[in-house]
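The letters A, B and C name the chains in turn, as written, and every chain counts its residues from 1.
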Amino acid sequence: MARYFEKVLTDASENLNVETYRLGSDSFPGMQGPAWSIRKFALKGGKQQGVELVEIDNGRMRVALVPTRGMGILDASIEDLPLGWASPVRQVVHPSYVREESAGGLGWLAGFNEFVCRCGLAFNGAPGPDTVRTNTGAETTVELPLHGTIANTPATRLAVRVQLEPPYELSVVGEVPDARMFGAAHRLTSRVSTVPGAPEFVVSDQVENLKAEPAELELLYHCNYGSPLLGEGARLLAPVEFVCPRDQRARQGIGHWDVYGAPETGYAEQVYFMRNRADRDGNTLVALLGADERRAATIRYNIAELPAFTVWKNTAAEADGYVTGLEPGTDYPNNRSFERSRGRVIELPPGGRHAATLTFGCVCGEREVAELKAEVKRLAGGASPAVAAKPDPDYCPG
Amino acid sequence: MARYFEKVLTDASENLNVETYRLGSDSFPGMQGPAWSIRKFALKGGKQQGVELVEIDNGRMRVALVPTRGMGILDASIEDLPLGWASPVRQVVHPSYVREESAGGLGWLAGFNEFVCRCGLAFNGAPGPDTVRTNTGAETTVELPLHGTIANTPATRLAVRVQLEPPYELSVVGEVPDARMFGAAHRLTSRVSTVPGAPEFVVSDQVENLKAEPAELELLYHCNYGSPLLGEGARLLAPVEFVCPRDQRARQGIGHWDVYGAPETGYAEQVYFMRNRADRDGNTLVALLGADERRAATIRYNIAELPAFTVWKNTAAEADGYVTGLEPGTDYPNNRSFERSRGRVIELPPGGRHAATLTFGCVCGEREVAELKAEVKRLAGGASPAVAAKPDPDYCPG
Amino acid sequence: MARYFEKVLTDASENLNVETYRLGSDSFPGMQGPAWSIRKFALKGGKQQGVELVEIDNGRMRVALVPTRGMGILDASIEDLPLGWASPVRQVVHPSYVREESAGGLGWLAGFNEFVCRCGLAFNGAPGPDTVRTNTGAETTVELPLHGTIANTPATRLAVRVQLEPPYELSVVGEVPDARMFGAAHRLTSRVSTVPGAPEFVVSDQVENLKAEPAELELLYHCNYGSPLLGEGARLLAPVEFVCPRDQRARQGIGHWDVYGAPETGYAEQVYFMRNRADRDGNTLVALLGADERRAATIRYNIAELPAFTVWKNTAAEADGYVTGLEPGTDYPNNRSFERSRGRVIELPPGGRHAATLTFGCVCGEREVAELKAEVKRLAGGASPAVAAKPDPDYCPG
């Protein structure tokens, strides 16, 4: 008996792209459990003309992912709780409009509005100079723009998959090549999956170095939460071992680094670099706990895969993007030259792979929140975080 | 009874885009007056593949506007007189091909061929360095490219509207967001309207600052006229109070700043900065008068909305773009850093709006031209312009 | 009687683009000779979404050309021999994704995977500073990116043509404007033709300066061969008069400049600049001879049209692009400023034209290879090449 149903929706090598598609539990008579659906469609109007979306509705949770934008997760919702944020960028911007080099290397921000956005793959972090090898074999200094190219690279292959026996897992798999001649040639394979009725979805990624030479890898998950979960008094829950402010601006807020303020016009971002504790298998958990302490959004991941953790507090006015980023990564989002100097840039051997799995969920109810807190405490081993009062040169440039 | 018929053709927030559409007086039996039509269609071939156009034909005048290119006016014609010019750029270039930063910040010119093109909204004018605040709150110097981004930004909302009672006004309304995270977030709402049989159309714009913080605004209308109206002996008619040459090159032509020469191979542009007089309500008028003094193209606007006026004389060979730009603006097209230093950059408060209305028309016949001249003279209050022999440091950098 | 059948598939000035089209010998009952077909279709998926291809199959040879990418030749094959190479760039990248200025001016490499790719037209070669005249008439220094814009410019006109009498020549003609306001305005007209059953195809190009002023032209044909023809022991056959290494890296390999090595991980490119001899009409021939000496790919061209010849040896690992470029050009692929200083930049007068014709073929069999070698020797006049041991300042910058 078949164990999976699979439908390939995009395959550039076969010159295939199915623009509109729908699949649902109604397509599988006899399948038990909550009604679910998977839809693919193209957006229209403005800068989103031609951008393709896949929406998975597992009956309880809805996840929208964007093959055209590197398999990023545009937004999600669980029951009545939206996950994501309200960026000033209202459209789902087609990558052909994004010029990373503009605005002093900040052009990436013209398309930034995802709930979960990958930064990488050859580099991520702040714009600035780094040394690269050119076609001639010579080393030269180039200006790396913010956060790399993967978020603005369309998938070349996309398939949906339905497990034909319990738990009837639904998944969408995309391949995104991030390659150029004389440059890096990474391939991201991302699998987004969920089980009908479950309060979570899983992003399971693998990056492969397609080159015959070693290649650098930086991969960071910019997971962004805004209202209503973010609000005055919302808190970060995480088994933090060490935390330091990125710069003098963040230093101002170090006294309440894990607590969020209300929207504040003119607020300049405060960024904290952290190391998290984990269980013996490396599994850890971070969460944004709403101010009412009744709801929390969680991210489970493994520190062997993603050792660095960054918190971006940007509690600006709602109109300007009231948001926090919880950012597990292979590195901190500094310029690659700095991260390399601190030994945090992965060097993938030829054919080498790096995997990362993140589970995005939601916890609801007083008892469940209490359990979550207990779990975080357990992961921390009862220890309190070491809080650095000022930027630490091992983590923070200049 | 309904007073308007309205049809929404694009709405990115509703994931709607009607690519092909036609509406005409034949759709409204009993409507009196000249036959008219409004058509929307997409262009094909080369760099214009997927660019959308709206053509309004009011029975006497035809106007083609480009939602894909920031609601610019591609060209217009009244009876047998074309308005616009013949740029070396023959296609209506899709914004995804325009890399503003290329060619030393002059990449904008790769798509420049409109009759009326907006420059802005966060900045316009010559490329060069300016100071901006980045995501970290720090100030940094970036290279602003020529003329900003609005002309290469597609509309996210587009509607056509027909008044159901006299004068049966026809209008097209577009919304163009010019926004990025950590940057400006302006929204242009542009309404292009005309009345069946009228020898004019009106561009009625409003720019709103969507941010919770103040935002700078520069808005200039690059209104470009070529042959046949422009020709040797054609003249600028305007109630000029003050005029100065932008640079040494313009200084060479200051003796005949308001008169145009024949196409001249190798002619380098001459640019003049002006202040115009107006009536007590601020209304003023500029015109390009053909050499035969029998036809003129007019632009009516308000100096409270658009205090600066620039004339771009580019009487190069026909093949290289024989053209003059009459450019009412909030500022002169210098780099924003200079305009700011002279107090000519608007600072919109949060939610603040700036409106500008321009009426583009045509005057035909000896008597009508005489009336036009008289009107300009009246607006000038009988005074002659103060002509600066050389660049004035209040208007001209370096 | 009609001598040609012609079908226009794209004409931007007529707002025409036929996306899918097929024509074949079966459409012409009674036509003798091998069965052939011409197909036009659009690619789907990833960065190739919307890229258009034309495939000519003459019954023996297949040629795929890309109107969307400046009429480049994606690949070809003759019987079972593929011509072209395996770039790390697997997709046929839409120009809207290519940002030439990125990666220190090497952004062009993000789309580079063609068999035959034009570099130009206003400039080609290595990125770096050059002086240009801006809109103000002033001279300024800009950074020219690698290899110009023509390979990322779509055709505005495309037609297929079939000769209705022997030899029933099949051809595809495309027009590609490479123009911007205040910049160069070149128009490439490229005709790709072949005869049913013939083991070759012809690229017949003409570039016209549409400006009323003189304009610089640089045009280089980057003709790229990989496996299986390229392999350890493969050789360049050419009537070389003079050859010099581009730089110290190439100097290392000058002892075997015309022989290729096996794929070598980490190999940095070695580039040789050459002058070729020709017959009294200027016709010459270069070839890549397979290591088995039984097959060779040939390029016939005229040194009056293309006086410079460059060989790019990039025998890196297969995964990183194992390839050699045989590159007839008007110039060597140095920055334009250097080529100008050496008198190798063409200045086209207003309306001036430069033509180049290249015939791409294949030779198979011991006897045919022997004839090819004899022809090359005849063209060389029996003379050996003058081999410069080190970079020659007339050819090699710095």
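Simple rule for what comes next: a contact is a pair of C-beta atoms (placed from the backbone, for glycine too) under 8 Å apart; a residue touches a chain by one contact, two chains touch by 3 or more.
Keep in mind the model is a prediction, meaning the values are calculated, not measured.
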Problem set entry | Classification of the chain A:chain C interface as same or different, half of numbers criterion | different
For this session: Just send me the rotation angle from a CA overlay of chain B on chain C, rounded to the nearest 5 degrees.
Result: 120
Problem set entry | Whole-Å gap between the CA centroids of chain A and chain C | 42
Problem set entry | Set of chain A residues in contact with two or more other chains | 96, 99, 101
Problem set entry | chain A-touching residues of chain C, taken from the complex the two chains share | 41, 43-49, 87-91, 94, 96-97, 99, 101-104, 106, 109-110, 112-113, 247, 249, 265-266, 268-269, 316-321
Seminar exercise, completed: Listed in rising order, chain B residues that touch chain A in their complex are 10-17, 50, 95-96, 99-101, 132, 134-137, 140-143, 145, 153-157, 177, 179-183, 185, 210-213, 350
